[in-house]
Structures are given as C-alpha cells and as structure tokens.
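Quick heads-up: structures coming right below.
The two complexes that follow have chain A in common; it is paired with chain B in the first and with chain C in the second.
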Partner chain A sequence: MKKYVSFFRIRFLTGLQYRAAAWAGLSTQFVWGTMLLLMFRAFYRADTSAFPMTFEQLSSYIWLQQALLALFITWSFDEDLFESIRSGSVAYELCRPADLFGMWMCRTVATRLSRTALRCLPVLIVAAVLPRPWGISPPASPLALLAFLVSVLLGLLVISAMGMLVYALTFYTISPVGLRTIFASAAEFLSGGFIPLPFLPDSIRRVVDMLPFASVQNTPLLIYGGFLSGQEALFRIALQAAWALALILAGRLILLRAIRHVVLQGG
Partner chain B sequence: MIVMQDVRKTFRVTRRKAGMRAALGSLFSREYDTVRALDGVSFTIPDGEIVGYIGPNGAGKSSTIKVLCGILTPDSGVCTVDGLCPWRDRRRHVGRIGVVFGQRSQLWWDVPVGDSFELLRDIYSVPADRFSRTKADLCELLDLGDLLRTPARQLSLGQRMRCEIAASLLHEPRVLFLDEPTIGLDAVSKLAVREFIRRLSREKGTTVLLTTHDMQDIDALAGRVLLLGHGRVLYDGTLAALRTRFDAGHTLDEMVVSLYQEYRI
Partner chain C sequence: MSVFRLYLRYFSLHLRSSMQYKTSFFLTLFGQFMSSFAMFLSVYFLMSRFHRVEGFSMEEVMLCFAVVLMSFTLAECFARGFDSFPAMLANGEFDRILARPRGVVMQTLASKLALTRLGRLIQTAFVFVWVIPNCGVRWDTARIITLILMIAGGVLFFSGMFLLSAGICFFTTESIEFINIFTNGGQQFGSYPLSIYGESVLRLTTFIVPLACVQYYPLLFLIGRTENLLYALCPLAAALFIIPCYGFWRFGLRHYRSTGS
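On to the complex of A and B.
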C-alpha cells in the first residue's frame, strides 16, 4: 500500500509546482463563471418560471463548478502517460513490482487533487462574498454538505477511472488524439459542463442522468444546492459508487489485455 | 543464473505498399506479415558474469531483454532467472532485477532526482537504513553529489544516465540488464559508466547482460559475447577467440561488419 501512497505523494507535490498555471487557470475561471452567470441572468429575466432551478441555486452550481473545475475536468489528460505509451518508456513501469493500473490511478487522482488544491479556495472565497443572488449560498443542510463531500469523492473516482479507459485504449491506437477528442466533447456535454443537466428536456435527461458522465460533477453539485435530496440523492450516490466500481474493473481488464497484446514501440 | 531455452516469439505486423490505392485498400483488408523476433534463443549465464549481447538492429536483442524483464511473454520456450519465470512470477522476479533502457527515462522529469529515488525505494519496499546505505554508495561511485537535488530535466545526458543507472540499482538487484547504456554519451561519461559496471560486477558479483552497438563497451567490459541475428544466437564465446579469426589490422567495428556479412545478417 505504501508504494501507492508514495506514488500519490510525488504526483501531488509535482502538481503544486505549477503556480503560474494555477494563476492563469484562476483568472479564466472567474471570467468564465461571471460570463455564464450574466448569460443565464438574461434568460432568467425573460421568464424565471421556465427554469428548473432558482437563480441562487444556479449561482452556487456555477461557482462550485468553477472551484472544482480541475477536479472534474474532462479535457485534460496526463501528457506524460500518453508520451510514455507512445515512446515506450512505459516499459520501465511494467518492470516494477507494482500494479500498473494502481500506479496510474493514484497518479491521475493526485494530479486532479493537487490542481484543485491550488485553485478552489480563491474561487470559493470570492464567490462567498459576492452579493445575493450572484454568490454561492451555504449548503442546503449539514447533511447535504456531508452527502456533497462523499459525492465529490465518488465523482473524482468516476472521472479518473474514465480517464484510465482512455489511457488503456491508447495502447491500441498509439495516438491519443481521436480518443481524447471524442471523449472530451461527449463527456463535457453529458456531465453538465456546458449547461447543468436539469436544464435538459425531461425525456433526454432521464437517460443522461443514468450515464456515468452524470455521476461526475452533476450529482455532487446538485446535492449541494438541495436540488437532489433524500431518497433521490441516496440513489444517485449509490449510482456513482456503482459506476466507479464498474469503470475501475473495466479499466483494469482492458489495461491488462492491452499490455499482454502490445508490441512496445521503438524496438 | 539466467537460463533461456529455445525461446520463440513472433509478432504480426501490418504491411502495405506505398500509394493511395494501397492505402485505401488497407482500410478494408489488411495484410499481415509474421516476424520471428526470437526464433529459438538459448543460452545460459552463470552468476557474476558480464555478457555482451550484440547484433544488428532488429536482431531481437531488445525482445530478449523484454522477455527477461517479464514485459513480453514468449510463444514457447523456457526461461528462468535465479529460478523464477519472468512472466509467471512477475512481481517477485522484477523485485530482484534491475533494468536500464538507455533510450528511455525512469526519472520523474519535474522533480529532483532524489525524490524519484525515494519513490523507487517505496515501490521496491527497500528498508530505510538499507536504502540510505545503498544510495550513499551509489552516489559516491557514480559521483552524483549535487545531482540528487536537481530536477531530471535540467541534467545533461551523461549526468542523467548516471542517475538512471543508480536508480536501477537502489534495490540491490542480483541481475542487471543494460539496454544500450552508453548511447549518446561523451567519452568521459562512457568511461565512467564502464568503470562503474566493472566495479559493480567485481565487488558485488552482480550478473550483467549488456546490449550495445558500441564494440568498445564490449571490449572494456564483457568477457563473453553473444551474437544475435535473425532471432537466433549465432556466436557464443569470448571476444578474444573472435579476434583470432580476423587479421590483426581489423578494428573492432570492421570485425563486426565482416561477422555480420559472414552470417548474412
């Protein structure tokens, strides 16, 4: 176990080194969050009753989304991993007395956490002092906060395991470009990155809610604002856990097969 | 002790002619060629020996190393390293061997080399006191000094290679596989690496299998040479015995070229 903790640690420390990137990311997130809110404000002015959430709930959703962007990001991958698969440096990792899936999963989770650690507090602090209805509201209840935290953790596992699938499949395709593009655009929309999922028409939403993508950021953000609660919230958290488990098992299996079949590049 | 007996491995590679038509055709049906990377490789290396493994590009040298490291599972044949089968007892086996791939890096790019070493310590579960002793020894022998506090990306190739070699030996493996360890190094670094390998073998009795295209490496280090071509061992003996076959005027490289011609590889 210690080896995986250690793997996590070195990646976490590496992530903390990128301070300039964190500053750049932060400013983007402020601008982006503000822009989204202004846009939605215009829609809400036209007809408030047409929307499933109140504007306060939406503000909380968007600021939390910006604060946790690096945690749930769908279009950012670990370039080093793609490079090591392409160039064959992965050979080193295959001769370690450890499990490749475990090592890489720790690494992915650590990268996401370290990036978020640098970025989430400033966003949350600024969003907390913004006047109503523009800022972030406190969680719906202490229980909602607890459920939110559990759900964030599960969402992190789900998105990391999905990323692992992309890495594993890259062993077959060598170039990650196609896979990444398909994955990022589908995942971004289906996880509620562009517009919150409750805004989708009901018939589509019912399907999308069950997909693994909805188990990433959609579930925790909706739980925080009290949009999902009680039985419904419990069911969605269970769904997250089920997806996390299924994706991890699938990722392990595919990675194992990929390694067995692969001809390592470069002689 | 390393034993390989009649180890075979074939790969399937896609082939197509150049040009538009062939490119479109390959969308629908692909032609495969079978390449025999290892075509019945057999040899035995006793403990503590340094063996040079030579052969032209594509002869199967790297495939052999990959089989011995447990990365590649051969189609048939027997292979044991200190009694363990690399691909069946993979975890236990890899804990006892060290590998250096000269063209790849195992150090973490952005963090100081020392951090990579500590990660390796945990991956191989090396006890803390043993780790600090081995690390101190390696630092002295390879003259690492301040390099441990430098991020890997800021090292020169020669410095990096010395760190790579140290990284592969932190868990004190009994067997060391070196895949082109001196590639791209300047004369000073080459000599340092060779001297270190010699001492390692003499003082610790580490078994070393070394692939290289640099005949001076072989000359300086290996008592015994294995020549590989077309996936088979074509020559197994001392470099000195090989020399007697050729005129004294031949340089090592010329000798190897005539040898390749003789075996048509």
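On to the complex of A and C.
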C-alpha cells in the first residue's frame, strides 16, 4: 500500500508545478461559465415553465462544473502512458514490483486531484460573490454538502476507472486517437458536460441516468443544489459506488489480459 | 513544382500514413461523427424542450448550427497545422520548415491534415439535408449565394483564429488556453445566433471578433427578417479578419528565435 501512496504523492506534487497554466486557464473558465449562463438565460426567458430546475440551481451546477473541470474532464489523458504503450517502454513499468493497474490508477487520480486543487478555489470564490441568480448558492443543506463530497469522490473513481479502460484497450489498437475520441465525445455528452442531464427529454433521461457516465459529474452536481435529495440521492450514490467497483474490476481484468498478449513494438 | 501540386503530394502522404493504422483511423472517423452528433443532440434537445429562443425556431437555429460547425470543421481539417503549432515550435520541426525553399504558410498548413474530420463533415451534411428544405427559406439565387458566403466566411474566420493563436506561440511557445474561447467556444456558442447572449456579446462578436458576421446577420437575411442586402454581405467583413491575423503571424515570425531543440 505504501508504494501506491508514494506514487500518488509524486504525481500530485508534479501536478502542482503547473501554476502558470492553471492561472491562464482560469480566465477561460470564467468566460466559458458566463457564456453558458447567458445561453441558458435566453432559454429561461423563452419558456420558464419548461426549465427543469431553478435558475439558482443551474448557476450552482455550471460554476461547480467549471471549478471541478479538471477532476471530471473526459478528453484529457496521460500522454506519457499512451507513449509508453506505443513505444514499448511499458516493459520497464512491468519490471517494477507493483501492480500496473494500481500504479496507473493512482497516477490518474493524483493528476486529476492536483489540477483541481490549483483551479477550483478561485472559480468558487468569484462565483460566490456574483449576485443572485448568477452566482453559486450555498448547498441545499449540510447533509447535501456531505453527500456531495462523497459523491464527488465516487465520481472521480468512476471517471478514472473509465480512463483505465481506454489505456487497457490501447494495447490492442496501439494508436489511441480513435478510442479516445469516441470515449471523450460519448462521455462528455452522457455525463452532462454539454447540457445538464435534466434538460434531456424524460424518456431518454431515465436510461442515461443509469449509465456509468451519469455517475461522473451529473450526480454530485445535482445533489449539491438539492435537485436530487433523500432516497433518490442515496440510490444514486449507491449506483456510483457500484459502477466504480465494476469498472475497476473490468479495467484490471482487461489490462491483465492485454499485458499477457502484449507484443512490444520496436526494440 | 507548383504550390498546389506540392500540397496534393503532402495530402497523399498524409492519407497513406493514416491508413497505416486502419482500425484507429476508422475509429477516429466514427468518433468525430459522434462528437458532432453529441453537439447536434444538445442543440436539438434544448430546442425541442423550449421550441423558440429569442424568436428563432428549431430549424433556424439548426441552419446556424450547421453553418458554424461546417466552417469550423473545414478550417480544422486544412488549418490543423496551425492548431498544433506549439508542438512544432517545441520540437524544432518549424526550424526545418524555415530551412526549406518553400512558403512557410503552405508548409505549416500541409504539415498536418486532419482527414478524420470527414466524420464531422458527414454529420453536418446530414443536418444540411434535413434543414435546407425544412427551414422555410425561399431558396433564390441571392440566398444560395449568402449561404455559401456564410460557410466560406466562417472558414476564413476560424482559420484566422488558428493563425492568431499560432502567432502568439512565437512569443510564448505554449499555446494560450484563452484562445479556445474563440475557436472551440466560437463553434459551441456559435451554434445559436449570437444575439441570444445579449447586446454586449453581440457587439463584441460584430466589431472585434466578427463571428456574428458569418452567422447572425446573414441568417436574418436568409430567414427573411430583413431584405437589406448589406446583411447578406456581412460574411465578407468576417473574411477581412484574416488579414490582421496573417499580419500578426508575420510579425511573430520576424521575432522568432528558435527554441533550440
């Protein structure tokens, strides 16, 4: 266990080095969040009764999404891992007395956490001082805040485990471009990255809600604003835990199989 | 060898090299189709829930969406070299380009061709096929020309943005994330007529970053909100945007000092 903690620590500290990039990214996120809110305001004015949540809940959703962007991002992968699979230097990793899945999973989780640590506070602070209904509201209740935090952690495990599946499958395709494009676009939409899932038609939403993608950012962000609460929230958190477990087991299995069949490219 | 033939030569090289990883090529093609399909669905679901936004109907918004997505995709397809410019600067590839006795712009353009973007073009074509007969526009010559101008103006607008972003890299080496707001963001937020974001955004995108000139104003002419031909000619103004972008890129090039790799 100790070695995985060290892997985590190294990766986390490396991630914290990119401070300038984080500052540069922040302004982009403010503008992005503002544009999204302006867009939804136009729809809100068009037909208020068709709006599935209050505008305050939507604002909280959008700003939390921007604050946690790096945590739940679907299109960002570790290029070094792909390169090591392509070039064959993954062989060195296999020589280490540690489990490949465990190492890479730690690495992914740590990278996501450190990038978020750099970015989330400034976004949250600015969003908190924005006037109502544009800013982020306090959580629906203290219990909702607690459930939100648990749900965020589970969401992080789910998205990281899904990323591991992409790495594992890359052993078969060698070039990762295709897999990651398909994964990123499907995951982005189905996790509520383009539009929050409550805006989908109800019949489609019932199916999408059960998919692992909805367990990534959709569940925690909806719990925070109180859109999901009580039994429903508990059920969703349990669903998240189930998906996290299933995906981790599947990822491990596929990665182990992939390694057994691996032909190292080049010498 | 003429510039054009040389470009074709590059084109066939790129085609053959991407065919080396066939599975990945078709997966990417499919992925690109999916990515624009997801964008289409987002617009479709929002419009079918709210029916109208700032007076625009579903079909009118879809026309706007298809124009912007097609011009963005075409620009990405051919000006991809400028999009991934920071990598070229960092790894010294650009220094090799400077050493060759051919145009710098042409070589940069030809250094990357994103053929897999075809997947997105197919998706846009579907939207056009659906929306052109159904959007209630009387398609006379003036309106057909306007539509073509919109797409062409859009391609030049986004290419200008890629040039600008590459130009900045001469000074910073790294790409500036903020430019994303105008490239990817321009595509995503440009899916709707820019007037829905309010007066100040519309003014900004008319006079400073002229994206509204290729979608909002000519769209008003297409759907018959105005008969003023000036609105139809707005995309030409957007086309002029590429001139200062090119100027900036030349300026950056003159100040370029290799990264030394």
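Please note the rule applied: the second predicted complex is superposed on the first by the 267 of 267 C-alpha atoms of A that agree within 3 Å, B and C clash if a C-alpha of one lies under 4 Å from a C-alpha of the other, contacts with A are read in each partner's own complex, and residues count from 1 in each chain.
As a working rule, a contact is a pair of C-beta atoms (placed from the backbone, for glycine too) under 8 Å apart; a residue touches a chain by one contact, two chains touch by 3 or more.
Just so we're clear, the structure is a prediction, and the values are computed from it rather than from any experiment.
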Touched partner set for A:Pro131, first chain B, second chain C, both or neither: neither
Which partner, chain B or chain C, touches more chain A residues: C
First, second, both or neither for A:Ser175, with chain B first and chain C second: second
Touching partner for A:Pro142 - first (chain B), second (chain C), both, neither: neither
Residues on chain A lying within both footprints (that of chain B and that of chain C): none
Touch list for chain A against partner chain C, complex: 21, 24-25, 27-28, 31-32, 35, 38-39, 41-43, 45-47, 50, 173-186, 188-189, 194-195, 199-201, 204
Residues on chain B engaged by chain A in the complex (per definition of touch): 11, 57-58, 62, 66, 69-73, 91-92, 94-95, 97, 99, 101, 103-106, 108-111, 115-116, 118-119, 122-125
Chain C residues within the chain A interface of the complex: 21, 23-32, 34-35, 37-39, 41-42, 45-46, 48-54, 116, 174, 176-178, 180-181, 185, 189, 192, 196-198, 201
Chain A - residues contacting chain B, complex: 2-3, 5-7, 10, 13-14, 17, 80, 87-89, 91-92, 94-98, 260, 263-264, 266-267
